[in-house]
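Each of the two complexes below includes chain A, the first together with chain B, the second together with chain C.
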Partner chain A sequence: MNNNNHSASGPLTPAEVAFLCEAQSVTIIPRQRLDGLDLIGGYIPPFHPPQRTTIPLWLALLLKRQRRCNIVPPPWLSAPNIERILKTETENQNLFCPDLPYRWLETAELLLEGCPDDLGGDDGELRVLLRGLREVRQGKVREGLGKLEATYLQMNNLGLLEITEVRGFAKGVVDGLRKIGASTGVGLVLGWMMMISRWGWCFISMVFWTG
Partner chain B sequence: MSYYDIDAILTDAQKVPCTFEITIPGLGYLEGNSNIDIKQGTRVELPLWLAEMLGVSQRLGTEQNVISLDLPPALAPRVQNALKANPCTVDLRSLASHYYSLGERILGLLEEDELVDILSETFKKRAAEIADHAHNPQGVISSGGEFLKGLDENERQLFKTAHESAKAIRAFLSDRSSGKK
Partner chain C sequence: MDIDDLLQELDDNKVLGGTRDINDLTQSWIAERTAPEILPFQTALLERLMERIRQQIELVETQTGNLDPKTNFCLILLQTELERVKFLVRGYLRARIHKIDKYSIYILTTPSIRGRLSPPELSYLKSHLGLLNSHFLASFLRRFPEQLRRLDDKAGGISMVEEPDLDGAVFCKVVRDIEDNIARIPGTDSEFKLTKGDVYVVRYSAVREFVLRGEIELI
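And now, the complex of A and B:
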């Protein structure tokens, strides 16, 4: 993977976001017996098919590719649930639905790619719903970026991949506004506050020493 | 802003109109004719770095300033009014290639509270427009060409950032759904 995207998208590229996402746990139904694995990242308990176990997503995807297990999709990733969330999102134009996990987009992508047959039968419908959900939320992000200020931006319940998408741009705008406003009263006060928070302890300790 | 930052250097090189308040011997070459004193009241366009230095210095032992600074044409009231009317139709790049950086520096030297508001508002409005263009590569050629040509250096950077992060996400998602690695 080339990493010249770093400057553009901030500290993380989409591929790295997906990599981080693979560390989260997922429930599987193993098809084969496996002794416990002692990995650096943690201990993988032995598999006793058809008992369910919880393992990291990357291992689950690997075993799935080798047809050694079935992945149990997380409860939120089902067509009816996504449809419900999509409805909430469309009805509340100034709110991101809090029922989605932080890594929803990348988890859904990885699972749709890795185990489309485990997702309750109709992965095509799920794909359409997720695309719709993403577009609705992108629209809201766009709306929110139009209201950027020099000091403050709040978008609750935004996913990590969605944050990665807007981080570079939002950073540029906020920085630009801060520089333009730097000569006014607010800017000066902000500058002072930043300086005080940085040097405050030095001053206090100096006073303490000399006093 | 780093010492070797090319944008900072180019910002420094932008011209500002100045009026000399006192006669200075031997500085005539600033006007283009060498070996002649520069007279009081002469108007010269000086690069920002020099104007900044002279603007804050005073004649030794007096309250008299060496030069007085004027607003550069890029920030003149006419342009301010145009920005107030519709920020997105003004070609900032033809006014100054580092428009906002120039504005910041001038604001540091002159007290212009209204200009701060105008610049912030302009930047905000144009940034929203830039985001739209950056996410929509088809629309750029047809409708937004004129606007995008008029972006200043800072805004170009912003456009590039927005465009590339959108592109990276799109590439990532379409790679996945088409089953490629």
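And now, the complex of A and C:
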């Protein structure tokens, strides 16, 4: 039941984050006419090529795979823009650039995989820049975790997938520090008493069990 | 404004409603997955969506006989979306059932939390707990002395009832402007300001009230 892609408990897995990402809207240029669709998540108006229209990303990727449309990449996903953001990120060590959308990493991955030919020429360059950007930001996240406090931690402008990556570690640290804080003084005494009483209980039940 | 405009407006409302419902369900699913405790069941939301799913399945069933390739393609799209929505609904319900199984005695004995369950969830909880109880009793508990058979034993200063760790760390995002925007961390003297758009890692108990009021979303 608990494989990596799908689980019933705990925070979202990267695969589920990608699933959520597919629900956001994207602009396409349809290549075929299509009648309006009454979906549960909203009405999709009819396509009149080559008029642009906005539809959910999962639908766009499906149509793209069947060569029924072209996807217009979001304005932030272009080599010059990513290069600019990468430069800002490298120059300011204490800042996460606010110009990236919340789901930037997932969206870029999905689009690079689903429609590399729609991303305006050289997608190899874009891939390199995105990887660079991701590494710079990851480095900052790791540095930030070093300053983690027991009470709270602010993580503004971080993408959802980036949060998913550090979440297990950050949660472990915050929870662990809390427990250490609680086990000083009175907490420590109580903890010992609880431990003793637990073992005492086990001992008594063992006596009954064997007797 | 004539009748067409009115109809159009009605349609718009319906459309926006659908999108909003899906967004709400997505958010409820994420919140249920990340919050340590079980959250109130979204009765009205689930009713609306289940009705829509039923309608959509009906549509697919009546149209499947149609051999026109164009209709066929539209049906594939409808079914793809249907599967996505069903995945969300299942994810939401499964996340809840996981917590119901884990904290069953705690939920059953705390009236304020018990009220958060839907009627089917409550009857599931009771029958599941009953089955577990009789299974444990039949397989080993009956060999125990009388006073050690209870599953909700609190003797010896330690409770057997597992309770959610409300101090567990959660990731959250402030989604609305909040008037009284200072969050205090219980048991400590530290506090922090909540500004719209902020993302925090903090213990759940500090933001619990804001989450239940919908001012902070768990992520």
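In this text, the second predicted complex is superposed on the first by the 172 of 211 C-alpha atoms of A that agree within 3 Å, B and C clash if a C-alpha of one lies under 4 Å from a C-alpha of the other, contacts with A are read in each partner's own complex, and residues count from 1 in each chain.
We adopt the following convention: contacts are C-beta pairs under 8 Å (C-beta built on N, C-alpha and C of every residue); 3 or more make two chains touch, one makes a residue touch a chain.
Only a predicted model underlies this, so the values are computations on that prediction, with no experimental measurement involved.
J.: Once the structures are superposed on A, label A:L37 by its partner contacts, choosing first (chain B), second (chain C), both or neither.
T.: Second partner only.
J.: Compare chain B and chain C by how many residues of chain A each one touches, and report the one with more.
T.: The larger set of chain A residues in touch belongs to C.
J.: In the superposed arrangement, which partner chain does A:E113 touch: chain B (first), chain C (second), both, or neither?
T.: first
J.: Touching A:R52, do we find chain B (first), chain C (second), both, or neither?
T.: neither
J.: Report for A:L62: first if it touches chain B alone, second if chain C alone, otherwise both or neither.
T.: So A:L62 only meets chain C here.
J.: Using the touch definition from the top, say if A:R167 reaches chain B (first), chain C (second), both or neither.
T.: Once the two structures are laid over each other on A, A:R167 reaches both partners.
J.: For A:A18, is the partner it touches chain B (first), chain C (second), both, or none of the two (neither)?
T.: Touch status of A:A18: first partner only.
J.: By the touch definition at the top of the document, which applies to A:L158: first (chain B), second (chain C), both, or neither?
T.: second
J.: For chain A, which residues lie in the overlap of the chain B contacts and the chain C contacts?
T.: Overlap of chain B and chain C footprints on chain A: residues 8-10, 167.
J.: Hey, which residues of chain A end up touching chain C in the complex?
T.: For this pair, the touching residues of chain A are 8-12, 16, 19-20, 23, 34-35, 37, 39-43, 58-59, 62, 151-158, 160, 163, 167, 170-171, 174-175, 178, 193-194, 197-198, 200-201, 205, 208-209.
J.: Show which residues of chain C lie in contact with chain A when the two form their complex.
T.: Within the complex, chain C contacts chain A at residues 11, 14-16, 18-19, 21-22, 26, 30, 33-34, 49, 52-53, 56, 70, 74, 77-78, 80-82, 84-85, 87, 91, 94-95, 97-99, 102, 143-145, 148, 155-158, 167-171, 185, 188, 190, 192, 197-203, 206, 219.
J.: Spell out the residues on chain A that touch chain B in their complex, using ranges where they run on.
T.: 5, 7-10, 13-15, 18, 109-110, 112-113, 127, 142, 145-146, 148, 150, 161, 164-169, 172-173, 176-177, 179-184
J.: Could you pull out which chain B residues touch chain A in their complex?
T.: 100-101, 103-104, 107-108, 113, 116, 119-120, 123-124, 127-128, 131-132, 134-135, 154, 157-158, 160-162, 164-166, 168-169, 171-173, 176-177, 179
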